[in-house]
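Chain nomenclature is as follows: A, B, C, D, E and F, assigned in order of appearance, with residue numbering initiated at 1 for each chain independently.
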């Protein structure tokens, strides 16, 4: 990538702007939940891989967690598999689970690993079944193989991180009998961040951050606390697809993760901007208010 | 599993029969190429997982390498994808590669990992794209994404083995530009055995071993050398699907692997019998003749 | 050793019967108190060495503790040394101690080490004087150099076990002034098991286990608890030579050793049967009742 | 430092321009010879400290080597010490050596350490006498305590670098009898770079690089080889104060240091520009021509 | 050094007298505050270096802390710098600090390092500014750059000691903004002894030990406790230059240092006598009375 | 032990005389062959233990190798066992071997270990059968179980030395079948010194050193080379019991051991004098002449 036409001094100043952030996050784990447009658009996907590799190169230890709902839907369509509902809720039968697993582990995960590894042999794909990473249980027998996280055993992540590798995690878990389950990726990302003692968790979304009023861009919340956010969940202000992300941010911030972020994955290199510049990006959640 | 009704002394003698083999293979790597009926039959699949776990429990370091041709064919059928041929050779276009990758990494590998991990958090699935494990190149541009092994970078295997984990490898590789390829699993297994310095490589097949005359069960070859086997390849005695296995056995035996074996995967617990008993099982290939 | 004429499947099943026990005891310390007929009969002595080596080869860490009363008596006879009694108790004067030490450390221990090391350089003989292993004190000044265990310093055992070696311990201890004492081997074995955090201690005896009524083979106790056993000691049910063994079993089970066993050393390979098969062998003592 | 008013994307691109350089120099040692205006001007001195800390924060291992001729002259003046010459060469008597040592080790080195350590406890001052770092010998008895480098013992540097510290070296050495000598800092820097296996050595000078014709700025040499540079030394093209720097660059490039650089220390953050941007800065010397 | 004309047996007995002390202090840290005549007299300075090297050679880990008031005064005189007083207290302005730092770090420290390193590459000079060793604060703004110890960060000492090196510390500290301060060396020595968990701290003085009555040599205190010594400080019995030493001894003994000693640095090899012989030397301070 | 009535300065000088020797032998292995009067006389035996502990306390790694011919003879007498000869050579039958093993391992070794361990848990007794330390073979079938050293496997010694322990070795070896042999202790000591890479081997004898003329004390050889000594062996100058010692010294000096010494074990603390003082003691053998 050729950098813009700047004076050398301007370049140096931008590098130095990154210095305190590099020092702060050196050797720290940062969990990144990857999804949405950032995963679908090929240019954004390359930009994401660049950002992960740069984070890694300055000593940060990134863990990527990904979902893949639309891609699962595509393959179900192609296989003529109709979504099934029970009491209005979507059911994951054995065949659907099989399809989800093939898409997540065998396609989406592979594509992320491959795009990072263009820069060097860094990324290793994992699913929650590997080395007992995610112990799952059925959320509701009527829904089939939709799972909840019972426990995270981070040993395999700790080992890979200690070797300087970048784990890329598909959110399939298994119960003690070896039965697999599909689990919400936002929830898994938060549970992993807590289990590995991450300093930061970042959710890439298709919106510029959390809005107090979902229809009003001007209501973007820049900083908030886990307590305040829990309030918004409790009083019904927040609805729809943001709920698992927001709940996971609250959980992470309250269980030792330094900060949780929801940022706009549609902006190229948004991860770099969030981590290495003084710009305010998206929404930051912490346990206590920060100055 | 309840053992047969034997006198205690008989039981002790069988355990002691295993002693020299346990001592010989302790801390050694044994690569097992898994496929065929042993992978399709659920009872044999459980028996295979038992055997891998027993090997691991006495200090052997197994690496499982698997294929999955029939399973790939099934999904292609279901998706209405017709096999394409050019000059009589089967072509792997981008869509076929995608399907192969989903089936191998997202289904077959997952099933093996899950069946081993019923015994504990031991197995970790990998594809050749992870951490640069398999560097591939196109075999023939006309055939699309069918690859050859350019190099094996065993660092990720060494790390997982050092942690007491059991790697399960899908035979997808990537070239330096990040393009993936499907590679013959028999060939990959041999290359991995050489790269990790394995003591032994075992191919599970659907036949009781190598026959001098393929139609004559009485012509089973019990022991042979790499040199003699190369002779059978060169003079056209061996044909068909056994060729990649046999060539890989020759390659492994000539590049430092202590012995290469072709054994009958249809026999329950055949791996245990091969490794821990004095019985002659299948065909053994070594560099030099052994007494 | 050639195993009996069994079907391959039967052999595999016996090996698999051992799997859960291998997994359970992997990297665990098992203390074996060796004595009686098992030590005197040459065939049983070879069988014992086989069993220790097999335990070691599957990752268990055995520690052998031995006595040698009859052998000491033999040398005293040959030297024309008469046993001396005071108030009806046997006295160990300096010359007797010297004889005991020569026989235990210089003969019995040597024979055990040599029979194990036929299988490889595994065993290392120790007495309690080495590296301060057993700190002793006089039991009763009138009895001379008969000692009690004041403390066990397991550092030298921990080091040898960490190197994959098999310690063989003669039960001579020394006090802070360097004076040596002969100590009851059953008692020392229990104290060592506690000090090294053993998972299991096994006493080889000349009887099939502990009997509620010593004259009635049908009264064999299969499983009991430390508390119940203490009751039998307290109410005088148990008498004679079993008392030190039983007291040591109670002590071990109450101080962190997973289970204590009294088994019949006259049965070939009884150690293997106790550890690797589902058979009930002899008497097992645990802190809490087990299902 | 607040970075210039750029679009986020421009910022990201400048950070990404640094990525390949960060990857290339990660965990590598870079020796920086610090002196001239960059050391005298307080703003440049802060800029230098910033640059060293940024290099360190992305995983590079900098070693700073400094001189201090003008500062030594200042203290000599204040103490009324006249420079002494013999046969036209300057003499370093015991008093002059004492003054040089106080200024270099007790003032210049301290100031560099202090300015780096404002960012964290990173820098450790050393002189060549510490832990036998520089073994010296008299250059010429008539000149007193002017020394040559006999040998560099890099053990103390290796240890400090392994702990993530930044050594700052004053170029005083000692002979085997403990007598100290003042040594040319350019020469010491090159010898240290060779001894620690540095990837790069950078000389900060008061000129923009090496000129083929010292009076002609347009004759700046951008890239050259050790062989060509040796030619310029041999044929007398180069003269005066650049000779020790140039000779040290030749020596370093020919003894395993990847590249040697002479750059303009008067430019703020010139170290960052040299290392992390694609700009051509000053003069680069390598063993072989590079594309 | 040639030893006196003694019988071999007498020599052996002196060596054996040292044995229990060598065993007691093996691998322990001993902080030695060096100053006074022992530093000024060249023969005593060599004797001191011998003693430090002998301590090191038998496995003790010495840390040397030094002052240098008279040497600072000398250079101030030569530079025509007049001592300045405010309200009767001496002021350390920037120029005085500069002079102190040059003398301590650039001359006194160097001389100690050089005299030790004649025996091998053992000593490494440090000031409190290196790697954040001593965090200082201004004692009193009116006095300029006279500092107090805010905190000791012993990481750099621990690292050098772990490598078998001998740290020699100049007592300059720095505050968080990088400003340096001159600090009383007696106080720093005590703070360092506490921070590194020293077993012993020894102050070399120009008197044979602490006297109850400063004018009466017969009032030498051989052993005392921190509590009793604090009493002498509180009731005004002790005055003048001994106060910082005595206060530091009290502080050290009450914060985990085994014993603190004030001994006569004018006696050749007094350190050896204090540490390796049964002689009573100077004054020993402990927390609790010792027999 | 109370040291003689010397001035403090004289004491310091004797300690300093030891300094260069302590530095030279720090972390080096010194093998001491112990026997003769030094082992029989209780005061000398305590003096020997003191010396070994002092060597250990200053960082030397001693290995003690001992014989015990007279003690074996005593027990044979008491047991009424007559020495047997064949063709004039003494025969070691199974019973004699048993007696030798009991005496060496169970008595002599024990006494040495106990006397050292009065100073702390340092010594560990070994025989050559432990962990395969000494592989032996029959010297001559007619002589029974008299062995030669086939090979030394120093792994167990290396491990114990690395843990700071003092191995005490009885010179019984075993062949691959587990049969034990009694081996000449002088020979074993030399073979062990070579195998562990000792810096020095010291033989304690009952004479003040090697004499050119055995009957003439004035013919004591102070220093010699392996080559010259071999000459004395070859030309028949040396005879009798010194031959194995001398041959072992030649072998050690020619196979990497820095020096071999024969010294007078009847002198108290002769080991300390040899190692830590400048006195010339006994006979020193080196490969090359030393100044």
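Definition applied: a residue touches a chain if its C-beta (ideal position, glycine included) is under 8 Å from a C-beta of that chain, and two chains touch if they have at least 3 such contacts.
In UniProt terms, the chains line up like this: A, B, C, D, E, F = Acetylglutamate kinase.
None of these values were measured; they are calculated from a predicted model.
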- Message: Return the chains shared as contacts by chain C (Acetylglutamate kinase) and chain D (Acetylglutamate kinase), ordered by label.
- Response: none
- Would you mind naming the chains that touch chain A (Acetylglutamate kinase) and likewise touch chain D (Acetylglutamate kinase)? none
- Item | Pair from A-B, A-D or B-C with over half of its contact pairs in common with C-F | A-B
- Quick one: how far do you have to rotate chain A (Acetylglutamate kinase) to sit on chain E (Acetylglutamate kinase), C-alpha fit, nearest 5 degrees? 120
- Query: Relative to chain B (Acetylglutamate kinase), which chain has the most distant C-alpha mean position?
  - Reply: E
- Message: Taking each chain's centre as the mean of its CA atoms, which one is most distant from chain A (Acetylglutamate kinase)?
- Response: F
- Per the C-alpha centroid definition, the whole-Å distance linking chain A (Acetylglutamate kinase) and chain F (Acetylglutamate kinase) comes out as 69
- Between chain D (Acetylglutamate kinase) and chain E (Acetylglutamate kinase), what is the gap in Å from one C-alpha centre to the other? 35
- Item | Whole-Å gap between the CA centroids of chain C (Acetylglutamate kinase) and chain E (Acetylglutamate kinase) | 56
- Task: Give the residues of chain D (Acetylglutamate kinase) that touch two or more other chains, as numbers and ranges in rising order.
- Result: 120
- Each chain touches its two neighbours in the ring; listed from chain A (Acetylglutamate kinase) on toward chain D (Acetylglutamate kinase), they are A, D, E, F, C, B
- Note on the structure: Seen from chain B (Acetylglutamate kinase), its contact residues with chain A (Acetylglutamate kinase) in the complex are 75, 78-79, 98, 101-107, 109-110, 113-115, 117-118, 120-127, 129-133, 153, 155-156, 159, 163, 165, 172, 174, 177-178, 180
- Message: List the residues on chain C (Acetylglutamate kinase) that touch chain B (Acetylglutamate kinase) in their complex, please.
- Response: 1-4, 6, 8-19, 22-23, 26, 50, 53-54, 57-59, 119-120, 267-269, 272-273, 276-279
